[in-house]
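We call the chains A, B and C, going by the order they appear; numbering starts again at 1 in every chain.
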Amino acid sequence: MRRALRGPRALLLAALGGAVLVLLGTWSLASVGASAATPRHQVREYWVAAVPVSWNVVPNRRDAIEGESLTAQQTTFRTVVYRQYTKDFAKPVANAQGDEGIQGPLLRARVGDTILVHFRNLDTLTNHPHSMHFHGVRYRPGSDGAYIPGFSGPGANVKPGETFTYRLVAEKSAVGVWPYHDHSPSMMESIEGGMYGALSILGPGEEAPDREFVVYLSTHLGFMTIDGRAFVGNTPVFKAKVGDVVQWDVLTLGDDFHTFHVHGHRWIQPDGTPRDTQVIGPAESFRLRWVEDTPGTWLYHCHVESHMMNGMIGIYRVSR
Amino acid sequence: MRRALRGPRALLLAALGGAVLVLLGTWSLASVGASAATPRHQVREYWVAAVPVSWNVVPNRRDAIEGESLTAQQTTFRTVVYRQYTKDFAKPVANAQGDEGIQGPLLRARVGDTILVHFRNLDTLTNHPHSMHFHGVRYRPGSDGAYIPGFSGPGANVKPGETFTYRLVAEKSAVGVWPYHDHSPSMMESIEGGMYGALSILGPGEEAPDREFVVYLSTHLGFMTIDGRAFVGNTPVFKAKVGDVVQWDVLTLGDDFHTFHVHGHRWIQPDGTPRDTQVIGPAESFRLRWVEDTPGTWLYHCHVESHMMNGMIGIYRVSR
Amino acid sequence: MRRALRGPRALLLAALGGAVLVLLGTWSLASVGASAATPRHQVREYWVAAVPVSWNVVPNRRDAIEGESLTAQQTTFRTVVYRQYTKDFAKPVANAQGDEGIQGPLLRARVGDTILVHFRNLDTLTNHPHSMHFHGVRYRPGSDGAYIPGFSGPGANVKPGETFTYRLVAEKSAVGVWPYHDHSPSMMESIEGGMYGALSILGPGEEAPDREFVVYLSTHLGFMTIDGRAFVGNTPVFKAKVGDVVQWDVLTLGDDFHTFHVHGHRWIQPDGTPRDTQVIGPAESFRLRWVEDTPGTWLYHCHVESHMMNGMIGIYRVSR
C-alpha cells in the first residue's frame, strides 16, 4: 500500500487484505466511525444554476466499436444542465466533473452536516421551470423539489430568473452516493437533457478515498452514455495508482436498467458476496471501494450488450 | 413515538433510534421472536373466488401528469379477479384492499400456521380454467397450482364452477410478503387481467404494524398501475401519523422491472445499506418498515421515468 | 438427511435445519473452510476450442405452452460454440453439460488454484477471431481476453487456427459461479450464437454439492432459452433425491433481465432474507444451495411472463 491508513478503514482493509476488494457497507462503517471520531458538524453551502449549454455526446465523432463515423449534427444538442457557481452566484466555477461530464457538480458532505443548496433557474433556452430533488438526505416537504399539484411549494417549480434554497440534513442513513435531479413539471425532458448530478456523503470520521470516479449511466440522443459521453475515446478515462483507495460512484436515471462491470477487479458486497458485475435501476446508486493492486489498462462498462455496443464503455488505467 | 412497543420490535427499533428506518431482515426478526414468544399455531381458512368485474384504471379520467383527459372507454375493461367470500362461499366480503385495488384479498398468516385457501372458479366472463399459485410458503405438489402437462392435478386447472382447496404451510422462511397468482393454462391473460394478490406473513411473536400499505405494480390497458389504478387522484393515498410503525408491501408481476421510491424517507436494507429506491422484478416482493417521523405530503412512485409518467405514482400523507 | 455431512457445511446446515434453504454466503463459508482445512493448491489445465455446430433450440419442435408446432428451420441454426478437448487438443470430450447445453464446458476449480485455459479458435464457419474473457478470477491484462484497440494483446483477438493460453488465479473472492464469454471484436454475434460458459469455484475446504445444475438464461433465434433450449420437453430436466445437497448455478448474458424462480422451494440470501425469486441481469450470476426435502415434480422458470411463455421454463424432479 502506498501510504498508511488510519481509523476504521485501516482496520477493515487490513482485515480483508490488500487483494480483497470492498463494497462499502457504509452503514456499518459509519457506525464504527461515529464512535472513533466526533467531527464538527458543518453547514455546507452550494450555489447551483440551471444553464443552457451545447453538449457533444461523441466529441471525436467516432463509434469505436463499429468503426463508424458520425456527424456533429448526430452527436450534439443544445440543452440545460446544472452548473456550479461561486458564493452568491458571483461567477461560474469549473465543476470537479465539469470538464468531463454532462452532470451537475458533485456535492460533498459528511454525516451530521446541514447542506444548503441555492438553486437559480437561468434557463434561457426553454424558459421552463426547474427544480432540484435530492435522494438520500432528510428534508421538510418544502425542500422536496417535487411537483405535486395542490401541495408543493415554490421549490418544486422554480421559474426562470428565480432562486430557491433547499435545506438538507445528512443523517446517518445518508452515507454513500445519491442522485439529484429536476422533479419540476419539466422533469421528463430535463432528465433526458442532462439535469442530474450526485451527492457524495462520507460517514463521520470516514476518510475520503484517493480517487473518486463518478459513473453516471444515461441516454442522450439515442446513445448509451457515461457522464454524457459515448464510446471509448469520449467516455471518462479514470486513472489510479497501485495502493490508491479508489471509489466508484455509480448512478443512473431514466428508463433503463444496467449492469456495471469492471474488468480485472472484484468487490465484496455488504452481505459478504463477491461480485464483479452489479445491477442498477433508475434512481438507484451505489458506491464501491477497493485498494488498487492490479496495474493495467482495463475496461469498465455496462454489461447489457446493446448498451455497451451503443457507447456505454470506458477505460480505467492503473499505473504502478 | 406514539405508543410503547413490546417485544423484539421494540428492541430493534430502540437500537436503531426513532429516525432510523428499517427494511425488515425478517429472518433475523423471526428468529428473535421465536425465542421470545411461542404463539399457538393456527389453521387459517380463506374463501376466494375468481369473479368477473368491470374495472376502471383511471376513474377520474385524468392523466394528472400530462394534464390530458381520457374517456371511460380508454380506461375501463371487463376482467376476472380474485375476491374474498365468507365461510363456505356464503357471500362476498369487502376485501381489506377491495375498495381500492384490483388485486385479490390480502391473506394474512403467521409463521407456524397452516393456511387453507378454498378457491372457486366463478368466471362466467371467459369460462376459462383458473388456479392459485402461492409464493413463499411450503406445499405438496398437489397444492402448487401450476399447470404442467402430464404431472399437475386438478388444483392447476380449476374449471368454471369447480372448487379446490390449497393447503399451505408458513415455515420460518415464509416471513414477509409474497405474491399469489393464476398459474393455470390461462395464466398469461389472467395476470394481465388482474388475477393476482398478496400473502402477508408475520414472524412468530412479531407485532403487526400500525399501517400496512400494499403496492402492487402492474400494467393494465397500457397504463402503468398501482393496485390497478393510474395517476395521482386514482392511485391509493396512503395515510399515517408520526409515531406509526408503517409497512410497505411491494410486489410486481408481468413483464416489467421497476424501482420503488418514497420521497422524504430512507430505509436500511438487511445488509446494512441505506436506500430510498429499490429494484423489483416480476414475482419479486419486499416489505419495508419504519417508524414514521416525517410529517408532510409525499410522493411514492416507480422511478422508471416512463412508468411514472404513465401513471405509476401516488401520494403518501403523514400527519402529526 | 440422507447422509452425514462433514465440515463447515454440516455446521451451517445443522444450524439451519433440514427444511431451511441456503443461498451460499460463499464468502463466509470460504472463510470458515479456510481455517478448517488447508488443501493443496493446484494448477488446473483445460483445453477449450471454438468449433462450429448445428444447434436446435426446440428439438421436439413443440411450443408446449401455446401448443403450436414449429419447423426445424425455425428452431435450428449453424453457430460457433466452446467445446472441451482432451490434453493438447488430442480429441473432443463430451462436456459435463455438453449433451444438454449450448454453453461451453463447466470449468471447475478451488480457491487458491491457478487455472490455465488453452483456447484454440477452430471457427471454420465464420472465420472470425474469438477470445475467452473470464469473470470472477484474477489475471494480468494479457489474460483479460477483451479487445481494446491499441492496448489489448493477442489473447483478445485469437485468429482462426491460433491458440492462446489464459492464466487465471482463483482468489478468495472467486468463490461462486461466474460467466466466461467471447470478448473479441466478434463478441456481439458470438454471445447471440452461444459462445459462453461458466466457471464454478469452491471455497477452500468446501465440499462439492451432490447435484450441480447450470441454468444459463439467454436468447437464441428469438426464443427465450435455458442452456440453449426452449419449452418444457427441451429444456434440462434436473433431478435430485431427498437429502441431496443441490446447487443451482444461475447465469445470463445478452440484453435481458430475468427473475429466476423455483416452485415449492425457498432459499435464504446472504443478508438473511428468504426468497423464491431472484433478479439477474446480464453477466450477473449467483449460486443457490439447499438440502432437498420436498419430493415432487416442480417447475423452474424465469418469472418475466413473456420470457416464460417464450420458452424459458423447465422441470425439476425430486424423488424420495
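Just so we're on the same page, a contact is a pair of C-beta atoms (placed from the backbone, for glycine too) under 8 Å apart; a residue touches a chain by one contact, two chains touch by 3 or more.
All figures in this text were calculated on a predicted structure; none of them were measured in a lab.
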Fraction-based call for chain C against chain B, same above half, different below: different
Rotation angle (°) superposing Cα atoms of chain A on chain C, nearest 5: 120
Interchain centroid distance [CA atoms averaged], chain B/chain C, Å: 33
Chain B: positions in contact with at least two other chains: 257, 269-271, 279
Chain B residues within the chain C interface of the complex: 25-28, 133, 135-136, 138-141, 144, 146, 148-149, 151, 171-176, 178, 187-188, 191, 253-255, 257, 269-271, 279-285
Chain C residues touching chain B - in the complex, by the definition given at the top: 19-21, 64, 232, 257-259, 261, 263-264, 266-279, 294, 296-299, 303-306, 309, 315
